[in-house]
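Here come two complexes built around chain A, the first alongside chain B, the second alongside chain C.
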Partner chain A sequence: MKYKGYAGKILRVNLSEKKISNVEVTDYLIENYLGGAGFCSYILYKEMRKDVSSLSPENKLFFCTGPFTGTLWPQGSRYVVAAKSPLTDGWGEAHSAGHWGAELKFAGYDGIIVEGKAKKPSIIVVIDGDVEIKDASHIWGKNVKETDEIIKKEFDRKMKVACIGQAGENLVKISCIMNDVDRAAARSGIGAVMGSKNLKGIGVVGNGAIEVADKENYLKIIKKISEKMLSDPLTPERIKYGTTSLVELMNEIGRFPSYNFQKGQFEHADKIGGEAVLRYLIKPRADFACTQRCARYTCIKEGKYKYIGGGPEYETLSALGSRCGNSNLESILYGHYLCNLYGMDTIGVGGTISWAMECYEKGLITKDDTEGLDLSWGNHDVIIKLIHMIANREGFGNILAEGSYRAARIIGRGTEKYVMHVKKQEIAGQDGRAQKSMGLAMAVAPRGADHLYAFPVLDEIGFEEKIKEIYGEEYLPEIGDRLSTKYKAYMIFVNENFSVIVESLGACKYGTMVPPALFYDEVIDALKVTTGISYSRKDLEKIGERIVSLNRMFNIRVGMSRKDDNLPERFLKEPMPTGPPKGHVVDLDYMLNEYYDLRGWNENGVPEKKKLKELGLEFTIDDLPRGDEDA
Partner chain B sequence: MHRHLYGDPMTCTGCRICEVVCSIIKYGVISPSLAGIRIIREESGEDTPNTCRQCKNASCMRACSENAIYSEDGIVKIDSKRCTGCFVCADACPFDMIVKVYSKNIATKCDLCGECVDFCPTGALTVRGA
Partner chain C sequence: MRRFIKCDVEICTGCGCCALSCSGVHFKKFSYFLSAIRIDSIDEKNLKIRVCQMCVNAPCAEACLSGAIEKYEGLVRINVEKCIGCGKCVNECPFDAIFLISGIKKAFKCDLCGGEPECIKACMHKALRLEVVDK
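Let's look at the complex of A and B:
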């Protein structure tokens, strides 16, 4: 391997056969897919048949770092974990940070592919070059915090642990994988995939080293990039509030989802926003090599909601707060803490509970369904009860554990109408009616209802100088107007290409997308001194396009197409009631047509053969559906 | 008071950039296990930078049977040419601050070069007693 910055090999663990082997990280892989999301996209497409069932032993769970993970890129901490999603039955991907990914690289691995299913609950223990599958029967049933402590005590207190809680064990479809106790790889139901393999956790100790290509200039280049990050005008706010102050901002622009998206403004936003959270803040905390320290560490000192731990983020304040009509901040903080302990995606949990609350409000779900629980808006006692019930699949919680899309199909009675999802995954705390680019972004993202795949932010407020720099002056003013659909397809196209590069590098979107401090120039410099690769912006954009179309093909071959790039009726037909976006709906078709065109996909959203060839994706051409192949 | 590196546990955010910078400056690679500073993450919320105290009557110095450890300008240093890699000094240190460099079979430690202080993004690190 001629490049530095990588460990050079990926660990493959087959839990059925108890076999451990290595996969070489080839120059081809590095040059064409970079790492992280790119590696996951390529390897899982090639190694998995399209008809694999997501909770079967044939599904593969791939944890993958990037060349920047474990290095001094200003947030060099991230890893991706990918598999076929039990929520969407399509491409599934989750991202996390903390310190686990860096530790894996120091142990000598760029990633771990987990296959098969263990006969008994197991953990994988990686101590530098030594890899073993160990019995975890005594840990099965424990929460994430207990699991972390037990594994560290048994093996090494320096060990970094990625694990599931009871929710993943119970195959809850909105469960997640946690690492370093309070960092979450949350979406796509990825926790259930790990649980279906009887895999409780992966503990890593890494005493090894990562080499950089240009030892002489490395620190100098990194210092410059770091300073750009730290001096961005948005950074002080990030440090002080994390993402919690987005509550106030989103509420102001009418994009703060409330009452299951019936409204875009919450009358009690000030009770659950960044200022309110400050009262519970112990301090900001950082992931590996992160200069921005946006993670929160908080506590409630006494009472029924007493806890100490990481979080919350904006998403949770929305998901368990405004979306449920809940203005009780302490219950939101405690609910977040429980989701971390059980290993559940707060967006999925909040999205599912708030759906049930709207159905309850409309009399479609009654106390007969909920076994007497009162699902009135803002009933935080019940929200907390439901979190326990969902994680343990108890009573009504067993239905909610399927996620809102499937729960609605189980109950019927017209409850389907109120599910706020795309491709069966719950929508996050963004409303496409209040920011049209976000509407397109979540409709087309491969893992379903994903605000982060494209993460359009620069049209939220201002950022005109940045818009000129990144997209071009000729697209102003419409591209900077969040209520206009014009040029938004182009915005999403540019964003997705860069964003998948960020996820392939092991870098963080906070610092690249927002604050928009670091872009292609910085990535190119860092890539050169870290790995030795000399790439231009055009080279990187091509890799970005490649990964996006490859993710697309993963979904196309399981039968998805334009019909799945859809938004809930509420976004398409119900005008926003208040605030700046009052009266707006999402004109999705217009943006979709433009987007497909930019991507080189046909009007059914299927990549055209010539585009696939251009991007080096010939191996996917046989998977094109009949009738959608062009000449 | 003698000079030594100190890190405030409530200002430190646990990013460990200091550990990486130390290993790059001293060994040219990224490897926190080689760093002369180590961050201990507590459940209470404290991230405690564990640093060499540059002890006046250093346990490591007294434990060494090769006269490899000495004090210069108040900084405790290890002479790599005399060090035999027996690591008795590491066992003796009450703060677990001796670095065992297995690849070179020598012990090393913080020599107060100050680079980590320069790179710390929060200002949590200072040299005290200067």
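Let's look at the complex of A and C:
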């Protein structure tokens, strides 16, 4: 391997056969897919048949870092974990930070592919080159915090642990994988995949080091990049509030989902926003090598909601707060803490509970279904109860544990109409009617409703200078207007290409997408001094396009197409009631047509043969559906 | 006079930028274990930073079998040529702030980077400072 910055090998653990082996990180992989999300996309597409069932031993769970993970890139801490999603039955991916990813690099591995299923609950223990599968029967049933402590005590206090809580064990479809106690790889129901393999956790100790290509200039270049990010005008707010101050901002522009997206403004937003959260803040926290320190560390000192732990983020304040009509901040903080302990995606949990609450309001779900629980808006006692019940699959919680889409299919009675999902995954705290680009972003993202795959933010409040720099002056003013659909397909196209590069490098979207401080120039410089690779913006954009179309093909071969690039009826037909976006719906078709065109996909959203060839994806051509193979 | 690195643990976020830049500057590689400044979590709330405190009557210098540790203008310095890698200094340090580097088998600790510590420059949260004490 001629490049630096990588460990050079990926660990492969087969839990059925108890076999441990290494996969070489080849120059081809690095040059064409970079790392992280790129490696996951390529290897999982090639190694898994299209008909694999997501909770079967044939599904593969791939944890992968990038070349920047474990280095001084301003947030060099991230890893991706991918598999076929039990929530969407399509491409599944989740991202996290903390310290686990860096530790894996120090241990000498760029990633871990987990295959098969262990006969009994197990953990994988990696101590540098020593890898063992150990019995975890005594840890099965414990929450994430307990699991972390037990593993550290048994093996090494310095060990970094990625694990599931009871929710993943119970195959809850909105469960997640946690690392370093309160960092979450949350979406796509990835926790259930790990649970289905009887894998409780992966503990890593890494005593090695990472080498960079340009030892002389590395620190100088990285320092400049770090300073650029820290001097961005948005950074001080990020440090002070994390993402929590987005509550106030979103509410002001009418983009703060409340009451299951019936409204875009919450009358009690000030009770659950950034200012309110400050009262519970101990201090900001940072992931490995992160200088932006946007993570939170909070506590409630006494009372029934007493806790100490990481979080909350904007998404949770929306998911367990405004979306459920809940203005009791302490219950939201405690609910967040419980979701971390159980290992559950707060967006999925909040999205499912708020769906159930709307159905209860409309009499479609009654106390007979909920076994007496009163699902009135804002009933925070019940929200907390439901979190316990979902994680443990008890009573009504057993239905909710399937996620809102499947729960609605089980109950019927017209409840399907109120599910706010794309491709069966719950939508996050982002309303496409109030920001059209986000509407398109969610509709086309491969893992279902996902605000982060494209993460359009520059048109939220119109950063004109940045817009000129990144997209071009000729697209103003419409591209900077959050309520216009014009040029938004182009915005999403540019964003997705860059964003998958960021996820492939092990870098963070905060600092690259928002604050929009670092872009291709900085990535190119850092890539050169870290790995030795000299790539231009065009080279990187091509890799971005390649990964996006490959993710697309993963979904195409399981039968998805334009019909799945859809938004809930509420976004398409119900006008926003108040605020700046009053009267707006999402004109999705218009944006979708333009987007497919830019991607080189046909009008059914299927990549065209010539595009696949151009991107080096010939190996996917046989998977094109009959009738869509021409050109 | 003593000069040494001091950390305000109330502010410290545990990000590790200090450790990484230390290893980068001294060994041109990135690793917690090639760093003279280490971060430990004692429990959820408390972090402990281990870095040489440049003791006046340095126990490491007294314990050193080969006379490799010397006092020099307020600094406690390890002479790498003289170090035989016996590890006695590591055991004696009351701050657990000396490390035996595997591979080269030599003792390593903070040397204040010749006057402008890299870790202080790397800490964007301003949790680290250079403390100067007269006695």
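Note that the second predicted complex is superposed on the first by the 630 of 631 C-alpha atoms of A that agree within 3 Å, B and C clash if a C-alpha of one lies under 4 Å from a C-alpha of the other, contacts with A are read in each partner's own complex, and residues count from 1 in each chain.
In the analysis below, a contact is a pair of C-beta atoms (placed from the backbone, for glycine too) under 8 Å apart; a residue touches a chain by one contact, two chains touch by 3 or more.
Computed from a predicted model, the values in this text were never measured in an experiment.
Chemist: Looking at the superposed three-chain arrangement on chain A, would you call chain B and chain C a clash or a fit?
Modeler: After superposition on chain A, which the two structures share, chain B runs into chain C.
Chemist: Could you say whether A:Tyr218 touches chain B, chain C, both of them, or neither, answering first, second, both or neither?
Modeler: both
Chemist: Please indicate which partner A:Ala209 is in contact with in the superposed arrangement: first for chain B, second for chain C, both, or neither.
Modeler: A:Ala209: touches chain B and chain C.
Chemist: Just checking: does A:Phe519 make contact with chain B only, chain C only, both, or neither of them? Give me first, second, both or neither.
Modeler: neither
Chemist: Just to be sure I read the superposition right, which of the two partners does A:Leu230 touch: chain B = first, chain C = second, or both, or neither?
Modeler: In the superposition, A:Leu230 touches chain B and chain C alike.
Chemist: Under the stated touch criterion, which partner chain does A:Arg293 make contact with: chain B (first), chain C (second), both, or neither?
Modeler: Both partners, chain B and chain C.
Chemist: Name the residues of chain A shared by its contacts with chain B and its contacts with chain C.
Modeler: On chain A, the overlap between the chain B and chain C contacts is residues 70-72, 99, 106, 207-212, 215, 218-219, 223, 226, 230, 282-291, 293, 308.
Chemist: Which of the residues in chain A end up touching chain C in this complex?
Modeler: Chain A reaches chain C through residues 70-72, 99, 102, 106, 181, 207-212, 215, 218-219, 223, 226, 230, 282-291, 293, 308-309.
Chemist: Please output the residues of chain C touching chain A within their complex, sorted ascending.
Modeler: 10-11, 13-17, 20-21, 23-25, 27-34, 44-45, 102, 118, 121-122, 124-125
Chemist: Can you name the residues of chain B that touch chain A in the complex?
Modeler: 10, 13-17, 20-21, 23-25, 27-34, 43-45, 47, 119, 121-122
Chemist: Residue numbers of chain A touching chain B in their complex, please.
Modeler: Chain A reaches chain B through residues 70-72, 99, 106, 206-212, 215, 218-219, 223, 226, 230, 282-291, 293, 297, 299, 308.
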